[in-house]
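Pasting a structure below so you can have a look.
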Amino acid sequence: MDKLKKIDWMKQLLDNFIWIIIAIVYLYFASNVGGKFVTLSNQFNILSHASVLGILVIGQAIVLLTGNFDLSAEGVLSLTTIFAMWLMVVPRTDAGGAQASGLMLNPLIVIPIMFCIGILSGWLIGMMITRLKMNNFIVTLAMQLVLRGIAMLVSGGQIMTGSPALFNWLGGTRINGFPVAVGVTLIMYLVVNYLLNHSKFGRELRAVGANRDAAQASGFDPKKTITFAYIISGFMAAFAGWMLLGRLETTISTLGQGMTLETVAASVIGGVSLKGGLGSVGGAFAGVMLLSIIDNGLNLMEVDPFWVQGVRGMIILLALLIEAQKFRYKPKVIHENNEKPAEKVSA
Amino acid sequence: MKTRASKFLAIILDNLIWILVLAGLVIFSVLSPSFRTPFNLVNTLSRSAYLGVLVIGQAFAMISGNFDLSSESGLGLTAMVAGLFLASTTNGGFGFEVSPILAILIMIAVGLIIGFINGILITRMRMNNLIVTIAMQMILRGLIYIISPGATASFFPKSFDWLGGGNLIKIPMEKGNLAIPTASIFIILAFIIAHIITRYTQFGRNMYAVGSNPVAAKDAGIETDKIIRIVYLISGFCMAIGGLLIAGRLDSATPRIGAGLIFPVQAAAVVGGVSLFGGRGTMIGAFGGLLLWSILDSGLSIMEVSPFWIEASRGLLLLFAVGIDAIKVKGMHQRALEESLATTQIGLKDNKIVTD
Amino acid sequence: MKKSIIFSVIAVIALLAVACQPQVVTETKTVVETKIVEVEKKGAVTIGYGAPELSGGQGQIMNGLVTHAEEKNWAVVTTNANFSAENQANQMDYFMSLGVDAIVTVPVDSQAICASVAKAKDAGIPFYTIDRAPIGCEVNMVIQSDNYLAGKQAGEAMVELLTGKYGEPKGTVLELQGDLGQNVAQLRGGGFNDVMKAYPNITVISKPTEWSADKFSSNTLDVVGSTAVDGIYMHSDCVGTTVVLAALEQLEKKFKSGEDGHIFITGVDGCKEALQAIRDGYSDEASSQPIPDFGIIVNWIQDKFDGKDPVEGEIVQEGALWSPAQIVKSDVGFMANLSTTKVTSANAADKALWGNN
Amino acid sequence: MNIEKIKTSAAPILVMTEVSKAFPGVQALRRVNLRVLPGEIHGLVGKNGAGKTTLMAVLMGITEPNEGTIEISGKVFATMTSKEAIEAGIAYVPQHVAMMDSLTVAENILAGELPKNKLGFVDWKRVNQEAEKRLEQLNLRLDVTKKVEGLGVAEQTMLAISKALFGNAKLIILDEPTASLSRSDINRLFDFVKSLRDKGVSFVYISHHLEEVFEICDRVTVMRDGRIVDTKNVKDIGIPELIMMMVGEGVEEYTRESTCTDEIVFVLNNLTRRGCYEDISLELKKGEVVGITGLQGCGSEQLGKGLFGLEYRGVGEVKIHGEEFTAMRPIDSFNQGLAYLPQDRYRFGLVGVRPVRENVTYPILNRLVRLINLINRNEEKKIVSDYIKGLDIITPNQEQPVRLLSGGNQQKVVFAKLASTKPTVLILHEPTQGVDVRAKMDIFRIIDELAKQGVATVVLSSEIRELIGLCDRILVMNSGKLTHEYKKGAKDTTPENILNAIEGGKENHG
């Protein structure tokens, strides 16, 4: 039993190393960047950077739990923002900008449409992967390309600006300094995390991810589960689109390039296993925070911005390494029968 | 009956790529006179030569049942490194202005190092090859910006550009003379060599074995991990050559070079019949994939199709390819099952044959 | 195996067969065909135009050229490299295979374009770049707005504003740079910083954005959120204006000029949004480019056809915003630098500004 | 006897001394001593889980022994890699053939040693000729340019055997080689094996078909519970003796009172699936325990999976409580009152990395779900702790990942999972495989307990002695048909008879 305790402790360390790293990194920046970094408003900045990525990570983590990848999220994000603008904004008279539809719909109508787009693409991906047994990685990669292509078609590759205030409420407004987006994101995490730990669906996700056959033999329907996971991911991507567009009041079809990989990285850093079945959305959020702190810190340190991407990459690789080691570490098995091999062998 | 039909389907699917290539050629030639100009046709290949080299690398990885998504950044990095060593400080280089040969050697070294690291992480650390190479892609891209930093290096010796941008021979034609780009000949040679390696060397066949069934390969005494490491080395080498081609073609190395190239690379390989499930596909097929890709590319652009449509169509082509691949493998299982059940004596009154 | 080899051989043969066809315009009636036929009938000129992308001002630069060309009733074939130097290189090849009479392009990468320039020279096709100059190779002519001047104007404006605020030129300015790979960004930065050098009390924090909206936003949030900034200078107000203002609003630091806490905003381009912001009082200055006027390149192309070379010196055209312009012989060929217009609340409504139509 | 002497005088090609191997919760091998002589075909027999497969895995260098040494033609190994094993001249033809499907027959035969021309390139003409030549010796006719994925199962097995034979091996392990071969194929194979034997090649021949063992083997070693019972010269013994050695003395004797009622709850009517089973007709009464036994590949496994909905079920009528049983997916099966315990619990039984609690309640979550599919944790915990007590599962707590439990306790967790669905019919596939003696007894008690509660149970097992103790009826399955039936307590219900029936089935369908 004593041994067991040690094992658990070891496991705990492996599972939560992320928080330790966060602490170290934060302290490092606090001491090196100084005042600028620890101001309240900067804390809000760190959080609000984390918010959009954070929402995407929820979806990514859920898909990863089923042992799949979703690389299409950033495509959904860009398409939904572009399409929303196309529906909402006033068409421009000059030739410079993108041409809007002129429908000038009310944001309250547009936002649900965005969600529908996200859900639809998620469903399509799910179908292709579960029914046609296509490789999830490549399917989602290709889907990303397709969605971006459509976004380009709609926008003509143009910047689209001037989303209405009502629409920007989520991403843009701050209630005495505290960004609404951050609040929403945090709540989202609390809720989703609770749901995944206490709902049947949460169980399904992890079971399917950890051992698809056993999950099926235990009465789950892996195909449904996986498809639904992708649908959620699509929805989250649309939601993130809403949030980001609210912050920028501007969009372009190249919006959010490279975000997907960051979401995978963040999830893995946060202890979500690429082999599926292990990890929590809460942990994934920690991963997001780490990336966000690093970005912000390096930015304030006036580090050559070109380093930032490199540093990121290294951190991600480190996370992956630790993840891989986690699977090699074999905990001991309890033997309740200590019978000697020697005994009662007929000589 | 059903079996014969599915067999026929299989044959069609196996050679689908060439049917598509021919179709593409015919359609575009009919639609656009400027497509069928000799100039355009000889350039069609040279334009996508650097792509083709990456396709070779990718095909190697995929045949052995792996992926290499880092190649696009690898190409960028090798090109940039070479650029920095070749170009004068005024043109954004380090100002070493080393000899082209040395520069090329450096590129190849860099490419091999990348491949080596990938291989080690995947075989020794047992990390997921997709995610490793994706992460590598980010790191390398970052590295490009760090070393360059963010600037373009350009103006290399002609001898360096010869392979990527130079001409082999000029054939006089009534309207100016027709230059045959070195790259277009080179890429054909490259594919022939790749074909020889995959088809006619022990290593090549071992690679197929590993991709087809690692366990069986191990039983046959093949060192699967070693094979995979070598495959990634080859892929790294291809990155370097790709870098050489594109740098020569542009006579400069920009930080963005190769960004997003992984899509066409994947697509060309998969459309060419290289299976995502490993062990299937030939270099000739991959070459077909490349041909189709560059024909579509030049055809669509010449016909002034909106580049946004081109973007979208690429994604669709990739999806289509992956779909075909999946169907192929499924049909294969179906056939195997049918054949195994054909011999059985048991339960004949049940005439359903169900694959899962 | 065998089958596929056979197939591949067939394909290659087909390729050659197609290649060896005599190059005459067949009678098949497709859009492309008819278009080219009629072009040839008119005996008119075809120009190839290669856009680097079509967002922000680029769309208008293209339109400007097309309109000017159509006045001469020339045909223009347009392509979009979509930020990729490789694509652009390919598209230049297409133009040459099309056999256009002249190529006009906005380089994605000022150095990478040179490979294509060389090829065009071999093919004997005159090569022009507008809006951005090549670096390190000679083209027939470059027309660009004087980006250095633009940066200088923005810098001077910033100095005025700061002096107005503190009585002396001091304070902190955030410079949101473009893609440093392009000489545009370098010039716009250069012009600005050369002005600033003269005033040691002004600290400039420079952040590259590669023209990406997201980076405009995050940099503004990070820097303005953590340090007291008096002014912001952005290399492109087309991308920047709305994003930066949105960011300021989120930081609750968005004030009209005159209100205290107002952060001075100057920028280059003079997009619709920027002019609007100036009229609303949120922004203070924009160095408006004569974007549609780049099209006047066609005049010099015409000269070229007539065998005339450009002449150095100043050219003036009454009423044109770009005038006076300097034509200089530089190591990249003749270069016409069209002056930019310093737009402030005074002239922000001017209909002649490209951002206003 | 004198033959024996001659053989032993020759230096043995393989000597395994005191080899032991323990898996989590199971002692798979206990001080095994095995000697294989050159030029002999050495039979290795024993029930499932007797340790044959583990022994061979050790010999192949796939699993490392905890103790003991392996000596192959003079070279002594404490542990060895599979590469070393192959180099030492050991080849293994596994039960489930692993082939490079997407490659041609020729390549599979010559993998890793393709003939090359002087340039060092693979010479395909010679590859195919060589392959054909080799297959000729085996008088086995295959299109060597065909891809393996295009071959039938029988062909694939024979190809695999041929491959091993070609691999210049000194000692070839044949593991159930005849499982999917027709009689004529078997004869051809045996002839070839014998001819090789006479050339001095040694074989270890693992099989459940005892009469085949007698047909081809020179000596036979019997294993039971990871021990070597004895090694005999086949001339000196007969089938009954051998069977007694396999089944063993009543070490784990267990019997239970029949709880069979006369209410029929489960009916199978002419259930038929192509290639697996046909005309399976069976009636189960409330509380009845029926055993179905047979050789590997007799179709019982597919029957279990088919009924549960893990595989295609085939045509025919299935009724529970008189109602048509329509379930096509496991979840439906659970809901309609049928639960299944898979043989491979690591793959189908348990989600290893998830805690005991979750594994137990997977099928019944719907019952535990309160508003917006939130799970009632307290109720769940209560149910689980009840089962942990009731089945005395040894685990530190409910949150322990099941992969950290011992084999026996893992199996109990699976039982808990099934029991929690309150099934009418319970199908158990090798319920006692890979668990230690004590856990076995517990599992019998659990089965008995469930039967008392009125669950009709089908036990698919090759553990005849256990079945005799456990079941009210034992049915023997041969090539997909139920051929014999033995009632509890009837005097003909003896291990010998049953094993004979199983063997006997072979000739009926050849």
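Read from first to last, the chains carry the letters A, B, C and D; within each, the first residue is number 1.
Note that a contact is a pair of C-beta atoms (placed from the backbone, for glycine too) under 8 Å apart; a residue touches a chain by one contact, two chains touch by 3 or more.
Worth saying up front: this structure is predicted, and the values here are computed from it rather than measured.
Engineer: Would you pick out the chains that touch chain A and also touch chain D?
Structural biologist: Intersection of chain A and chain D contact lists gives B.
Engineer: Taking each chain's centre as the mean of its C-alpha atoms, which one ends up farthest from the centre of chain D?
Structural biologist: Relative to chain D, the chain whose C-alpha centre sits farthest away is C.
Engineer: Just give me the whole-number Å value for how far the CA centre of chain A lies from that of chain B.
Structural biologist: Roughly 30 Å, centre to centre.
Engineer: Using CA atom averages as chain centres, what separation in Å is found between chain A and chain C?
Structural biologist: Each chain's C-alpha centroid was found; their separation is 36 Å.
Engineer: I'd like to verify one number: the distance from the centre of chain C to the centre of chain D, where each centre is the average of its C-alpha atoms, in whole angstrom.
Structural biologist: Distance between chain centres, rounded to whole Å: 73 Å.
Engineer: Just curious, how far off is chain D from chain B if you go by their C-alpha centres, in Å?
Structural biologist: 44
Engineer: Can you list the residues of chain C that touch 2 or more other chains?
Structural biologist: 80, 82-83, 208
Engineer: Name the residues of chain D that each touch 2 or more other chains.
Structural biologist: Nothing qualifies.
Engineer: Where in chain A do residues touch two or more of the other chains?
Structural biologist: Only 156-157 qualify.
Engineer: What's the complete list of touching chain pairs for this entry?
Structural biologist: A-B, A-C, A-D, B-C, B-D
Engineer: Where on chain C is chain A touching in the complex?
Structural biologist: Going by the criterion above, the answer is residues 53-57, 59-60, 63, 80, 82-83, 205, 207-208, 212-214, 217-219, 221-223, 225-227, 238-239, 241-243, 245-247, 249-252, 271-273, 354-357.
Engineer: Across the complex, what residues on chain A touch chain C?
Structural biologist: 36-37, 39, 41-42, 44-45, 48-49, 92-97, 156-159, 161-162, 168, 172-174, 177, 179, 244, 247-252, 254-256, 295-296, 299-300, 302, 305
Engineer: Across the complex, what residues on chain B touch chain A?
Structural biologist: Interface residues on chain B, with respect to chain A: 67, 121, 125-128, 130-132, 134-136, 138-143, 145-146, 148-150, 262-263, 266-267, 270, 276-277, 306-309, 311-316, 318-319, 322-323, 325-327, 329-330.
Engineer: Would you pull the chain A residues touching chain D in the complex into a rising list?
Structural biologist: Chain A residues touching chain D: 1, 4, 195, 198-201, 203, 206-207, 210-211, 213-221, 277-278, 331-337, 339, 341-342, 345-346.
Engineer: Under the definition above, what is the set of chain C residues touching chain B in their complex?
Structural biologist: So the residues of chain C in touch with chain B come to 1, 3-5, 7-8, 10-11, 14-15, 18-21, 23-26, 28, 30, 32-33, 36, 77-80, 82-87, 89-91, 93-94, 96-99, 108-112, 114-115, 118, 123-124, 135-136, 179-181, 208.
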